[in-house]
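Multiple structures follow.
The two complexes that follow have subunit A in common; it is paired with subunit B in the first and with subunit C in the second.
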Partner chain A sequence: MKRTVPLLITGIVGTVLIVSVLIPPAQSLGEDFSLFFDIIAVFAFFLGGGNLFRIHLKKVFHRKEDYGFSIVTLVGFLVTLTIGLFKIGNPEGISGSITAAGSGLQTIFVSIITPLSSTMYALLAFYVASASYRAFRAKNREATILLVSAFVILLGRTPLGMMLTGWIPEQFSIFQIPNLAVWIMNSANLAGQRSILIGVGLGVVAMSLRLILGMDRTYLGSDK
Partner chain B sequence: MSGIGVYISLFLIFGGLVTILVYSIKGRDVDRRIIFAFVFFATATAIYYNIEFKETPTTIVKNVFDRLESLPEGSKVLISFDFDPAMKPEVFPMANAFVRHSLVKKHKLYLMSLWPQGQALMTETIEDVIKVEFPEVVYGEDYVMLGYKAGNEGVLNVIITNFRKMYPSDAHNTNIDSIPLFDDVKSAADMDIIFPIGGGKPGPKEWILFVGDPGQVPMAPGLAAVVAPLIYPYYPRQVIGLLGGVKGAAEYESVLRSKYPRFQDVPAPALSMMGPQTLAHIVILSFIVIGNITFFMKRKKANA
Partner chain C sequence: MRIASFGIFILLVFGCGLTALAQDDPIDMVESEIVLPAPASKVIALNHKYDIGEILDVSWESSTSDPELVFGYIIYRSEGDNKFDSVGAVLSKINSFSDEELIPGKSYNYQIGTIGASGVALSEPSEPAIPDWELFNLEMWNIALIGFIICGAVIAYIFSAKAGRKLFIRKIGGLEALEEAVGRATEMGRPILFIPGIQDMDDVQTLAAITILGKVARVVADYDSKIMMPVSRSLVMTSARETIKEAYLSAGRPDAYSDDMAYYVTDEQFGYVAAVNGLMVREKPATCLYLGAFFAESLILSETGNSIGAIQIAGTARPGQLPFFVAACDYTLIGEELFAASAYLSGDPKQLGSLKGQDLGKVVAMVAIVLGTLAATLASAWDIEIMQKFLDNVMLGIFSNH
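What follows is the complex of A and B.
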C-alpha cells in the first residue's frame, strides 16, 4: 500500500498531464493539476519553515557548535514571519500588498536582504579572478582553446574589445573582438548547447516514461 | 573620465600588474591575496571616479529595442521579475530600462514574478521609476502589479491559457475583473511581447518553453551573464533577442538614452557598472597572462 499509492498517483498525474497537452479538450485538466501543485506548494512552505525552526531550535537547545548563528536565524525568521503575516507597518493595511512601499517587510527587504545578498554575490568577482589565474593555463590543446575563448569573451564583454580592434575595416569586422565574442556565443556555444539540450530532452522523455510506468522507483527511497 | 586621481590610480594598478608580470617571469606564483587586492582597487577606482565608457549596441540587443519601439501604442507588455537581490545589480537595470521604454511608448505594463523576492523588487521599480518618472500613468489602466505566485512552471502552464485561474486578483487583492487592463486579456498569449528577467529556475528558459513557444508570443529575455549561453540556442526563433548581463543592460540603456534624450539625466546603473566591470576584466585578463607566463617558465625550468 505504501508503495502502490504513490506509484498510482505518479502514473495518473503523469498520464493526465501528457493527455492534456496532446488532446485540446483535456487542456483544462492540465490547468487544474497545475493549480493542485500550487496548493501542495503552500504546504511545502509550512514544512520548510517548520523544519528550519525545528533544526535550529534543536541546535540552540543542545548548545551545539556555532549555535549563535542558529539564534540569529531563528530571530530573523520569526521577526520577518511576524511582520509579514500581520503586515506590520503596512500603509495599505492588512488587505494591501505585502510589499507595499514603507511596509515592514519591504523595509527589511530593502535595508537588510538586498545589501547582504548583493555583497555575497559580489564576492564572486574575487574568487573568479583567483580561479581564472590558476585554471586558465595552456597546458594542452583543449585548455588552449578554452583559454583563447575565455580571453575573447572577457574582452568582448567590455568596451575595451572595440577600442582595441575597432580599427579593423568593415569587411573584416568579424575579427573585431566583440563580433568574435558574439560568433563564439552564437555558433560554437549554440551548437554545443543545442546538442546538449536535445540529449537532455530525450533523456527527460525516457526518464518520465520510466517514472509514469513505475519502472523507476528510486524516488520512493528504494529501487525495488 | 577626468582628474589626476584617475590617472594616478590607473598608473598604480597597471604599474603593479607590470611589476607582477616581471616577477612571474622568474616562475613564481602570485598569492591569491594580491589578486584580491588588485580586483578591489580596480573596481573601487572605477566606482570612486565614476569611470564610464561609450557603449555600442550589438544586434541581439538592438533587435529587442527595435521590436518594442515598433509596437503600436497601447501594446501589452509583460515583465516577469524572476530574480532575487543577489542577481539584482546585474538584471534590475534591464527591468527598469524595459519599464521606461514601455511607458514612454505608452504601452500597457503587466508586472509579475515567479520568485517570492521578485514582488519586493517590483515594488522598488514602481516606487522609484514609474511613480517618479511617469506620474501621469494610472494604476490599473496603464500598469498593473500581479505580484508573486508560487508554482513555478505550473503558473506558466495555466496563464498561457487562462490568466484568471492563476491570478484571480492583483498584488493589492483587487479582483482582476475590475482592472481595466484585463478587459481584453484572457491569457499570456494575448501579450504583444514578454520580458522574462532572471537567471535561475524558474526563469527565462521556462517562459520560453511554457509560454513563448506554445503561445507564439515574442519573447526577449533579460539574463544574468552566467546563464546567457544557455539561452542562445533559442535565438532567433524562440527569442527575438536577449540582454546578457550588465553589458546587455548597458547597451540597452545606451540606445534608450540616445533615442530618448529625456532619459539622459535618469540613473543608468548598468552604464555606470561597465567601468568597474571593464577594469576588473582587464585585471583578470592580466592575471591569466601572468599565470601562463609563470606556468611556461616553470615548465622550462623543469625541462632544463
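What follows is the complex of A and C.
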C-alpha cells in the first residue's frame, strides 16, 4: 500500500500531464495538478522552517562545534519571521503590503540580504579565474583547442580584437577576431549546446516513461 | 434669515437652469456638425480552434476613416437577444479580439464600435457564432508523432530487454566512479556531501537527483559511511529523507538512519551557497556530489570542493553550467547521462532497455539534421526551389513548434 499509492499517483498524474498537451479538455487538469504542487510546497515550507529551527536549536543546546553560527542563524530566522509576520515598521500598518517601501522586511531585504547575496555572487569572478587557469592549461589536444577558442573569444569581445585584425580585407573578414568570436559562439558553441539539449529531451522522455510505468522506483527509497 | 436662505436657493436654482440653457445652445451647434468615423466592416466571429469551447475569435475590417482620427474599437457582444454589451476594447491598429470565458454551445453575435473624436460608430452585427470544443489538438500532430515514435521505441526496447535480449550500454565514467568515491570517503572517515541542485521537486533534474540519491544512500548505508544533504527546498528535504530512510531500511541498517542527514537551509540561492561552502570548509567531505539543476552557484560550490581536495562528481542538464563543472570536477554527467544514471546504476535490463530506446530518438534527430542541412545548403547555394519547399513544408512542418 505504501508503495502502490505513490506509484498510482505518479502514473496517473504523469499520464494526464502528457495527454493534456494533446487533448484540450484535459488542459485544465494539467493546470490543476500544477496548482496542487504549489499548495503542497507551501505546507512543506512549514516543515522546512521547523526543521531549520530544530536542528540549529539542538546544536546550540548541546554546545556542538561552531554553534556560534547556529546562534546567528536562529537570531536571523526569528527576527525576520517576527518582522515579516507582524509587519513591524510597515508604513501601511498590519493590513499593508508585505513588500511596502520602508517596511521592516523590505529594509532587511535591501540592507542585508541583497548585499550579502551580491558578495557571494562576486566571489564567482575569482572562482572563474582559478577554474579557467586549470581548464585552459594546454595539457592535451582538447585543452589546447579550448584555450585557443577562449583566447579568440576574449580578444573578440574587446576592442583589442579589432585593433589587431581590423586590417584584414573585407572579403576575408571572417578571419577578423571579433567575427571569429561570433562564429565560435553562434556555430560551434550553439551546435554543441543544441546536441546536449536534444540528448536532455530524450533522456527526460525515457526517465519519465520509467517513472510513469513504475519501473524506476528509486525515488521511493528502493527499487523493489 | 430664512427668507434670505430661500432667496439664495431660488437664485441658485435659476442660475443653474440658465447656465444649462446657455450651454445647450453650443452643444446643439456642435451636434449639427458631428461627423462620426466610418464604422468597421465585415465583422466575423469564429470558433477558437483547440480550446475547451470557451473562446470565440472576432475579427473585422478596420474603419476607412483617417487612422489618426480613429482611437480604437469597442467590442460589443449579444447573446442572441440584440442587447449588445461591451466586452472589451482594442487600439486602432488591432482588428481582432478573442472573447474568452463563454458558455460552450451558446450562440453569440458581435458588433464593433469605432471610437472617433466625435463619438462611436457601430458596425453591422456579425453572424451568430457558437463556441465549440475539440477532442484532439490537431495542430500538435507533429509532437504526437515524434512522441509516439520515441515512446514506442523506449517501450519496445524495454520489452526486448525483458525477453532476455542483451543490450550494449556504453560505460559512463562518472557513474562507474560513484562507488569508488563513497568507498574513499569511508576509508578516510569523512562524510559524503550530496547537493540535489537548487530547484524544487517539479524540476525533472531534481527528480533525477533523488533517484540517484537512492543508490548512493544504499552504498553509504552498506559501507557505514556518513551522508550530508543540505537542501534549498522543503519538499526536496522530505523526499530525500524518505529516500535515504528506505535505502537504510533495505540495507538492513534502520538504526543508522537519522533525520538530520537531509536538512533544509534556505530557498535563497546565495544564502544556500554560503551555508554549503561553510559546511564544506568545516567538515571537509571526502566526496562531493552535485546532481540536479544548478545556476550561478555551480562554480562556487565545485571550486570550494576542489580547494578542500574532495573527489567531485557533478551532473546537470543545463548546458550553461556544464563547462564550470567540467573545469572543476573529476567527473561530469553531461545532460542525458544525469537522467540515465538511475537506470544505469540499477543494472536492471528493463531499465537499461529504456536507455537503448533513446538511441532511436537520436537517429531521428541525426537524420533530420543531415537532411535539413543538405536541403538548406542546396536551396540557398544553388537556388533549388524544390529544396526550399522541402524545408518549408516537410522539415518545418514536422520539427517546428506550432
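The rule we apply is simple: the second predicted complex is superposed on the first by the 199 of 224 C-alpha atoms of A that agree within 3 Å, B and C clash if a C-alpha of one lies under 4 Å from a C-alpha of the other, contacts with A are read in each partner's own complex, and residues count from 1 in each chain.
The criterion applied here is as follows: contacts are C-beta pairs under 8 Å (C-beta built on N, C-alpha and C of every residue); 3 or more make two chains touch, one makes a residue touch a chain.
Here the structure is a predicted model, which means the values were calculated and not measured.
Of the two partner chains placed by the overlay, neither subunit B nor subunit C lies in contact with A:Y67.
By the touch criterion defined above, A:V204 lies against subunit C but remains apart from subunit B after alignment on the C-alpha atoms of chain A.
Using the contact criterion defined above for the overlaid structures, shared-chain residue A:K139 touches subunit B, although it does not reach subunit C.
When the shared chain is aligned, subunit B comes close enough to touch A:Q106, but subunit C does not. Legend: residue contacts after superposition of the two complexes on their common chain; A:M120 is shown touching both subunit B and subunit C.
Once the two complexes are overlaid on the shared chain, A:W183 sits clear of subunit B and of subunit C alike. Touched by subunit B in one complex and by subunit C in the other are residues 27, 34, 37, 41, 45, 113, 116-117, 120-121, 128, 130, 132, 134, 193, 197 of subunit A. By the touch criterion given at the top, residues 50-52, 133-137, 140, 143-144, 147, 150-151, 154-155, 158, 200-202, 204, 207-208, 210-212, 214-215, 218, 233-235, 237-239, 242-247, 249-250, 260, 263-266, 268-271, 273-274, 278, 282, 296, 299-300, 302-303, 317, 319, 322-324, 326-328, 334-340, 342-343, 346, 348, 350-351, 354-355, 357-358, 361-362, 365 of subunit C touch subunit A in their complex. Interface of subunit B with subunit A (complex): residues 30, 32, 35-36, 38-40, 43, 53-56, 58-60, 84-89, 117, 119-120, 122-124, 126-127, 145, 147, 149-151, 154-155, 157-158, 161-162, 165-166, 171-173, 225, 228-230, 232-233, 235, 245, 247, 274, 277-278, 280-285, 287-288, 290-292, 295-296. Contact residues of subunit A toward subunit B in the complex are 27, 30-31, 34-35, 37-38, 41-42, 45, 92, 95-101, 105-106, 109-110, 113-118, 120-122, 125-126, 128-130, 132-134, 136-139, 147, 150-151, 154-155, 157-160, 162, 178, 182, 185-186, 189-190, 193-194, 197. Contacts from subunit A toward subunit C in the complex involve residues 18, 21-25, 27-28, 34, 37, 40-41, 44-49, 51-52, 55, 65-66, 69, 113, 116-117, 120-121, 123-124, 127-128, 130-132, 134-135, 192-193, 196-211, 213, 215-216, 218-224.
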